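Down below are the structures I want you to see.
Two complexes, one shared chain (subunit A), two partners (subunit B, subunit C).
Let's turn to the complex of A and B:
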């Protein structure tokens, strides 16, 4: 009887051990993949941000005082002037985010291309984002301008807030039993970047 | 009984390994989280610096010129800070929406919760000083034509181990 009890207790503890190992294996697998994805996503975000930041920082450069810097403004696109080649004539830059359909081949259903165009020339896709939203303010963030900004109000834009989110294109699919209503069926690492830029570098001195 | 003891021993050993492993996972996640906080801290810093760039050098230069001979018109070093209450008809200065010159940022603190649930709650503390134009690291207790804004950005929640310090100088000049 004592031996049977001995075996029973050993089996119970052994089962707990086995279960712990299986759970740990699952957690390790999911976490290591998420962490790896998170690092990749942060690198992607920084890469996109460096491209965008450089040109948004010089928004309005070379534009005569009093002239409008922003030529068109919606919550997902912006057209502005900046003297990119320092020749005294401002170029017209357009940034906009494409539709999710452009990247239907990726597992992430929300990622899309960020496009850039100079003076109506060739369209360049400069990055992959899941969110690229723009907000516009008059001087000192006193008033939020409703998007799309009416052409008559474009001159009022003094501050532009850019929000960019990048998620990894590859999904970490979840067990269907764990997916609740309204939730996505996969896990995606995400990284967010938000920055405010002046629409002109010569507002006040 | 020896079987139970052996199994218990292995259970303790495995538990120790698991605890160590989960601890390592947590450290890894903490590093990634701090990296994300660093990205956001940097964007806060550049955002506020950009907004500060859009402000005048001093209350006295908002709508008039100051020359070397009239440098006393600049705000006294001991009075750097927001104008609250402000002189009529200007609005009381309480934040970026009402600030009109960079020294309004002195001793100003802003806590932003708009990224709560995404990357956290961030707090930014500003300090403004006059500095020596020949040595920007040297604070001056007298008026000069160069001011330095020092900024500290921290993540309050979840608490980040990293603090971002950022400084910017603004000089006053005009063409006659």
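Let's turn to the complex of A and C:
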């Protein structure tokens, strides 16, 4: 009888321990995946940000004083001149973000491609973002220029604010019972980068 | 048995937790490293930018400095462990390059600032400019709205009024406020300033005419037409004799036309301008009748019409029937080695008023009429108005001659870009 009782108690304790391990494993696994995703999106964001930041800082490089540098500007795209290869001839550089759902292979329905094109050549997709927005400011009054910026006002652009968000393309699905109204049915790791009022020195000449 | 089982269970539990903990720790480390990397490269870039600004302040205090300019290491504060060094070097074409290289925890950034040491300004910014005043006096009733400069002596006899600053490389005769010099200088004057050297040739314009404009090797007679009255449909009709057949016609707004017209002989010109053109001649330019803008900038400063008349020798207002009853010229006039003058100004009849809207730059001040006291005897009385658009030294008719001034202006600013590995 006592032996039976021991076995029963052991099984109960064992079951509780096993259940605890399983729950702990699940929690650790979820957190680990989220953290892993966080690292991935941070790396993606930093790579995108460094390229965008660097090229925007050199906006107008090699463009003769008085000539137009920014050729077109909207809240999701910009075309400007910059001597990328420093050969004395400015290249026309265009950045724009694609439409949502452009990436059918991504689980994240907000993923879109950030495109880059030089001199009307091949379009390169430099990264996947969920948000890429641009704001433009004049130098004197620091007024926000309404987007899309009128062609007559392009020369007033002296400062650009870039906001970029990257989310993990792979979803971590949530139990439907945990999803509240207005929330997405999956978790996506997210990183936000904003270069507030980036000013190319070449625009201030 | 149970004891062994429990031990195995606890050990297994411990191993699983340990592996997961290690994994979590590794991820946390990666996340911190990622952030730390961005922080380090941002600091490195900030140090390079700060170093460039620091070096620039030194250069502006002493523009003659070359080679190593400054360097600094940070032993405390936000940039602890960082450093930068700056040097400036001369480049061809009157340029300088200031290069600043930073180092912060083994990350390095470079900022290069390029300077122009000469700045080109257009002669068209002056309402009046001469190399020699030729003994002609500024007198009561003369009024100039734009900038005035002479490389020679400015002679004044009476109360002329100058609305913008007046400069001379020499002096006033007599000195302002002394004797007969009662001139009114609304924005002051300055004597003994640097000479503004005239170009030794007009090759910029003649080369431009060859490259994307029109170049003729005979005398040419140009009729300027404003077209329909709409903007940007102006034409230039070219003849090789007065009243002869049209041998060439130019649409001024044609993207393939750069605005430069040049003759290796002389040019005769009249008409209405719609667009931006500069007409040059290796010899003289003759104004045969009125030349006006389609939209007069005195009435509308947004006018996009602009004309340069650039002669290596003289610019004449011809002595003919059309010009002998007033003449109006809207243009920036440049005579490199001669004068702007009325043809036969000593013998031509009293010709009314010569109205200029633009500016006159000439080697030697030319005459357009003669006076006995305040009574005109021959030629024109003058009404010279300044085109306010030309006050900006960077605004000029296409390829209008310019002059250089010493400066230290930033022409370009370059910062290194970190290209992602995947790119």
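We take it that the second predicted complex is superposed on the first by the 168 of 205 C-alpha atoms of A that agree within 3 Å, B and C clash if a C-alpha of one lies under 4 Å from a C-alpha of the other, contacts with A are read in each partner's own complex, and residues count from 1 in each chain.
Everything that follows uses one rule, which is that a residue touches a chain if its C-beta (ideal position, glycine included) is under 8 Å from a C-beta of that chain, and two chains touch if they have at least 3 such contacts.
Everything quoted here is computed from the prediction, not taken from an experiment.
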Please work out whether A:181 is in contact with subunit B alone, subunit C alone, both, or neither, and reply first, second, both or neither.
neither
Once chain A of both complexes is superposed, is A:158 in touch with subunit B (first), subunit C (second), both, or neither?
first
Classify the contacts of A:10 with the two partner chains as first (subunit B alone), second (subunit C alone), both, or neither.
both
Between subunit B and subunit C, whom does A:39 touch in the aligned arrangement: first, second, both, or neither?
both
Figure out whether A:126 sits in contact with subunit B (first) or subunit C (second), or with both, or with neither.
second
Just subunit B (first), just subunit C (second), both, or neither: which does A:24 touch?
both
Taking the superposition as given, does A:198 touch the first partner, subunit B, the second, subunit C, both, or neither?
first
Subunit A residues where the subunit B and subunit C footprints coincide 6, 10, 14, 17, 21, 24, 28, 31-32, 35, 38-39, 42, 46, 201, 205
In the complex, subunit B touches subunit A at residues 1, 3-4, 6-8, 10-11, 14-15, 18, 21-22, 25, 28-29, 32, 35-36, 39-40, 43, 46-47, 50-51, 53-57, 61-62, 96-99, 115, 118-119, 172-174
Which residues of subunit A touch subunit C in their complex?
6, 10, 14, 17, 21, 24-25, 28-29, 31-32, 35-36, 38-39, 42-43, 46-48, 50-51, 54-55, 57-58, 61-62, 65-66, 83, 86, 124, 126, 200-202, 205
Subunit B-touching residues of subunit A, taken from the complex the two chains share:
2, 6-7, 9-10, 13-14, 16-17, 20-21, 24, 27-28, 31-32, 35, 38-39, 42, 45-46, 53, 139-142, 158-159, 191-198, 201, 203-205
Touching residues on subunit C, where the partner in the complex is subunit A:
2, 5-6, 9, 13, 16-17, 20, 23-24, 27-28, 30-31, 34-35, 37-38, 41, 113, 394, 409-423
